[in-house]
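Below, chain A partners chain B and then partners chain C, in two separate complexes.
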Partner chain A sequence: MSNIGVDSWVAESAERDERYTGWAGPARRLLDRVPSGWKLLVFLAVAAVYPLLVPQAGVRIGITALLLAMLAIGLNTVVGWAGLLDLGYIAFYGFGAYFYAMVSSDQLSVHWPTWVSIPVVVAASALLGALLSLPSRRLVGDYLAIMTLFFAQVFLEVIVNFERLPGVDIDLTGGPNGIIGVEPWQLFGFSLNTFNRNFYLLLLLLGLLIAVLRNIDESRTGRAWRALREDTLAAAHMTTPVNRLKMLAFAVGAAIAGLTGTILGPVQVGVFPNNFQLLFLITIYAALILGGLGSIPGAVLGAVAVAFTPEILRNPGTAGWLFYVALAVLLVSLLRKRAMVASVFVGLAVFGYALRFTLLAIWDESILGAANDTFLSRLLDSWLLILGPAQDLASNYAFVLAVGGMLGVIVAKGWWRVALLVPTVYLAVFVWENKLALQPSVTRQLLFGGVLVVMMAVRPQGMLGTRRVEIT
Partner chain B sequence: MSTTPILEVRGLSKSFGGLSVIKDLDITVGTGEVVSVIGPNGAGKTTLFNLISGIYQPDEGNIMLDGESIMGSGPDQISNLGVARTFQTLRVFLNMTVRENVMAATYGSTKTRMWQSALRTPAARREEDEVRSIAEEKLAFFGDRLMGYRWDQPAYSLSYANRRRLEIARAMATNPRLLMLDEPAAGMNPAETHEITELIGRLREEAGYSILVIEHDMHVVEGISDRVIALDHGVKIAEGSFEDVAEDPLVIEAYLGYGAASTE
Partner chain C sequence: MEFLLQQTVNGLTLGSVYALLALGYSMVYGVLKFLNFAHGEVYMFGAFAGYGVLTVLGGPTGLLVPVWLALTLMFVGAMVVSSGVGLALERFAYRPLRSASRLAPLISAIGASFFLQAAALLLFSANSRSYDAPTLIPIANGLTIGPINVWAVRVLVIVTAVVLMVLLTWWVRSSRAGKAVRAVSFDTEAAAMMGVDVDRVIVVTFLIGSALAGVGGVMVGLVFGRIFHFMGFIAGLKAFTAAVVGGIGSIPGAMLGGLLIGFAEAYTTAYISSTFQNLIVFGLLIAFLLIRPSGFLGRPELVKV
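What follows is the complex of A and B.
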């Protein structure tokens, strides 16, 4: 009788979560033992070395990643913590960038010192964020999303058409051409006028923001945000002034976006309406969701992944690596037992050689083309069919078959899945070597999309996110 | 029982469109008193709670807490004034830990500004420690049921009965004078129901709350109530001790239909 309600299964659930299963278990346990402050320091140290090892183009990509990371952790405050679906977020980034550009270029011949312009821009962004939070007093979810999306579009229209607005006789925004010649930050008589300097500035700001946001997350403010995300009505009944906290979340997010905007201008020596299109908003969301909604390290990791993946895929050689690694990861995640993974590999070898010898016995060697010169080419040469004539046609059919096979693999269970995987993986490799590896520009987008889909299918909560439960 | 009631509701009316849900209702809860509200489904019990806790504004009438009108205040202000409630359909913060659920209810009684939390000033850290120990104290009130090992678990891992307990602990953390429990025994098995009866007794005796409770389980109502108020169609049809109300012909009629009382 006394055991009712004292369910030991529930009591042990935390321990069960600790016992990570699978092959990555030991690594994850080790990672859990490291305090988060140390992880941040390690990340900053590794990132600080990065510009020393890569050419300027690499530093530029690093800057893109850091800008995206800043934006993602800012967005996380609004969407991940307070649970407010804010699609107007991109406008605060644009507002900060344009405001800073106006007071630091020849556009208006205004040149404020950095120590004045940055606080003013950040404060103005926060104020604008607070203003946009007003509809969130009454609107939640999809309704709020549409409302804020409208705001983002209005912002874009205004900066493109500012000169044409009634009663305006000054060209504040430069219209579709944007504002050029935006000056870099000047701190202590030191001009941040190179990629490297801006990279370190961003890294410093990101580190500070992460530390500050983590503290806020663990404070009464962070708890109140999460409470109103979980259940706004209940939060209000538990002494939380809901509207004020929504306003605060919007303001904090907008301030971070505005601050990030002030660095975009100097980096590309100009700000343009194209920087603030909805596509980029979606990229920020992709980074945040891929990393894990609600997690700061996740947001940063997601941003790094989203910024670097397309660059890595630009080179067919590395794209090949990524393709085979992704394929291997997919295999491991689709199959529960090691025996199954091993059988797929054995099956693949047998299938490939058998197919090759059968086809070569029927037709002659003239069907063979030259192997694309990739790292696996020697290994693949005797196993895979690289077609000469009819390469395009055959690989198109194979592509369709591979997609169909993949769908079958998802539906099939147990050893059926293993059996289906063998031809499907072979077809995927065939398509890759015969078609995709030859067309990097197409492949890049396709593979990036594929990576995103696989990632989200394997871990819906994102790389470092926590799974949320909604049962009542 | 003190002379100023903790809660005094006078002439309360509320209608939604043409549907009149509460009509000219008077209710008082004395300090340290446990008052039960009973009535068939749709009688207006939960609407009464929603009016008192500030979700709805009444069309007419007045609601006074300790002699002060709380009309026109929102739920957060009213909970700050000392009215805490639980919900008929559980509304715990599922994806927060058990401890955080309770800590979240101290927002109104804490003062740390966001910049202080951001910099982790000594004052912020001190207050955080206080809030943590308040939360643990409230959770400890439930003894074995919500004991230490589960406080770091997400609330969704708790059983149904424990979520109900957690909701009460969370309400306690707002430091209320009046605790409003909306069907605390709903969905509980007989043993747990018995436990709830004892718990409400302890909430009054040990924690010193005045309690207004909606309950359908008559064993619970009998076990806890100083006074019972029966509602039907938004009108008070009986008030008094459990025995008096249980034998009132209007109450029997409300539950069992016209003529049910006279056949007895």
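What follows is the complex of A and C.
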């Protein structure tokens, strides 16, 4: 049946039916029919209720989540829509934060009113973004990534080492100590100096940005960006102004990052070089990749997930639940037959008790330590070996063996996989209870790094993205 | 004059290490057309492996074997561990993404680099370790060339690096496997059609590149003393600069680039200030990327439409 003259929504209906398979299919199809404006309003409404239900600490985490969400949608514009890998994004964030801090604190004794400083900072960030886009005229892919990464490093070096311009004795950036005492926004007589007020400000800005970006995405510019991303040379031949579009993408992304930076200062009452390290850049990327590159709801969802993960990990009880549930889900997805899953559990029980019996027979009870203070840990205490004095050394070896085992599990098939899974899972649980649960920050780093690698291999489009096929 | 010569020796030492690392970057790029961000972490694990071997052998004060044997074992151990990490990276982080978009392997590499840093933090904690090289190879031992005294450690580093690079160049030029590597880096599809096992070649390339990085790690430990979990990041960036400056994809280019960056860093630290050293290196990279991305000895890349 010819699709000429038919509405594009109708024409794509067959493709949609094909795409939304599985148990979530009908739900997703229904969700697709709801206009995105309503979905945004629902999200904003739910988020607006959040501060009323949680204590101030929770609101602070919510603010982190919203900051990350804004950064993620800004990064999405550059990486997801225009296809330019920008590893220096954190520098725009830092630039906005520091510029705002410099004009709104006692650092230089300059106190610009908010309605002046914010537009200036955003415009300056956009300009910086446009400047950084100039190399992208000649460099693509890896080279652009390296260039932007270096730019971020240069930015960090400058703010830490060069707080004084040569010859002039004014401390511009506070060096390694950062700038403290950053003033909050003052809008319409309100001083946004509490967590709740900043939360709502961020929510408002996020909503506005999403609306604006969605409109851009569905306009000529958005389509041109998509053409640029898919095949730059072909787009150029179709008279798309490729260089200007790259500049625009960088500028928009940088402006959003700069705007987000201006809110970081008031919330933290200061800006510090530590906020703009590579770790945070990876966090933004993890949020975006997890949620789905190229999708705004994906970016927001990913940001929320990534922002709340450290809090989940910090509390040993919930962290434990997260770990064991993830382990169980992984097991089920790795093994094809239910018999295999059952045999893994049986094997685990046997292996665990046998190992415990043997080791306690060789050495006595003195090698044991106290169980962690969580429900699951105490439950498993009689099966799992939670060590005392040798805990650190044994966990290190177990970690290396567990990683090796996991790699082996990926390669093995069938019942060999089952056989390898038993010691690997045991070691993983061992490492968790004896080491990882006690060091949430390192665990978080391991998790983010691992998530990036695994997602790229298994599901590169993230949760809500669409699968891209690259034609080379 | 004496100061200049001393700095030149420093530059040579640094440059040898960067050259070894840059070789890994260049070879992998030549074969896969892909930048291995996680190469710095491979080098870091090599350094820690060397430290581990040293500890097992009794540490710098209570060595159970003669010094030369200890050093050899350290180098070998570092090569083994680094190759292992490199091969694991290739097999699990990069091979599944051979046919994916340009972005995917880069993000995977960043994730892998991050994961490895976290693993090192977990295993070795945030404390830095020291090789305590002056106890191992006393500073009193040294070569006196003209007006300056060169420590034995630095001589060792430079000589080892030169030997390895000569071996590598000979291997690439004369052996069949080396020919296969050259073929794959020149034109992968044509090489595959000529019967070269491309997967095998990539594995071998990663193996050699990572082993060299491991040796570089031990060298850094010997010369500079401190090794810590984050050392791979900055060293990786600088070695990458070296690879680009020399011409990415070219083996002699990597060596040249490494030396250049080593000299640049040594002279900057000596004559200007150590705060500037990173900035100068980064500035060099940015300048090269903008003016001549193919570096000194690289081939300008032609894009086929």
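One rule holds for everything that comes next: the second predicted complex is superposed on the first by the 301 of 472 C-alpha atoms of A that agree within 3 Å, B and C clash if a C-alpha of one lies under 4 Å from a C-alpha of the other, contacts with A are read in each partner's own complex, and residues count from 1 in each chain.
Keep this in mind: a residue touches a chain if its C-beta (ideal position, glycine included) is under 8 Å from a C-beta of that chain, and two chains touch if they have at least 3 such contacts.
Fair warning: this is a prediction, and the values are worked out from it, not measured in the lab.
In the superposed model, A:153 makes contact with chain C only, not with chain B.
Once chain A of one complex is fitted onto chain A of the other, the partner contacts of A:233 extend to both chain B and chain C.
Judged by the touch definition given at the top, the superposed model places A:212 against chain B, while chain C stays out of reach. Within the superposed three-chain model, A:145 lies in touch with chain C and out of touch with chain B [touch as defined at top]. Within chain A, the residues touching chain B in one complex and chain C in the other are 233, 468, 470. Across the complex, chain B is touched by residues 1, 4-7, 10-11, 13-14, 212-213, 215-216, 218-224, 226-227, 230-231, 233-242, 248, 252, 466, 468-472 of chain A. Interface residues of chain B, counted against chain A in their complex, comprise 53, 55, 74-76, 79-80, 84-85, 87, 89-96, 100, 103-110, 112, 114, 117-120, 124, 127-128, 131, 144-145, 149-150, 152-154, 156-159, 161-162, 170-171, 173-174, 189, 191-192, 195. Here chain A touches chain C in the complex through residues 79, 83, 85, 87, 135, 138-139, 141-143, 145-147, 149-151, 153-154, 157, 161, 233, 278, 282, 285-286, 289, 293, 396, 399-400, 403, 407, 410-411, 435-436, 439, 442, 445-446, 448-453, 456-457, 460, 468, 470, going by the rule given at the top. Interface residues of chain C, counted against chain A in their complex, comprise 34-35, 88, 91-93, 96-97, 100-108, 110-119, 121-123, 233, 237, 240, 244, 275, 278-279, 282-283, 285-286, 289-290, 293, 303, 305.
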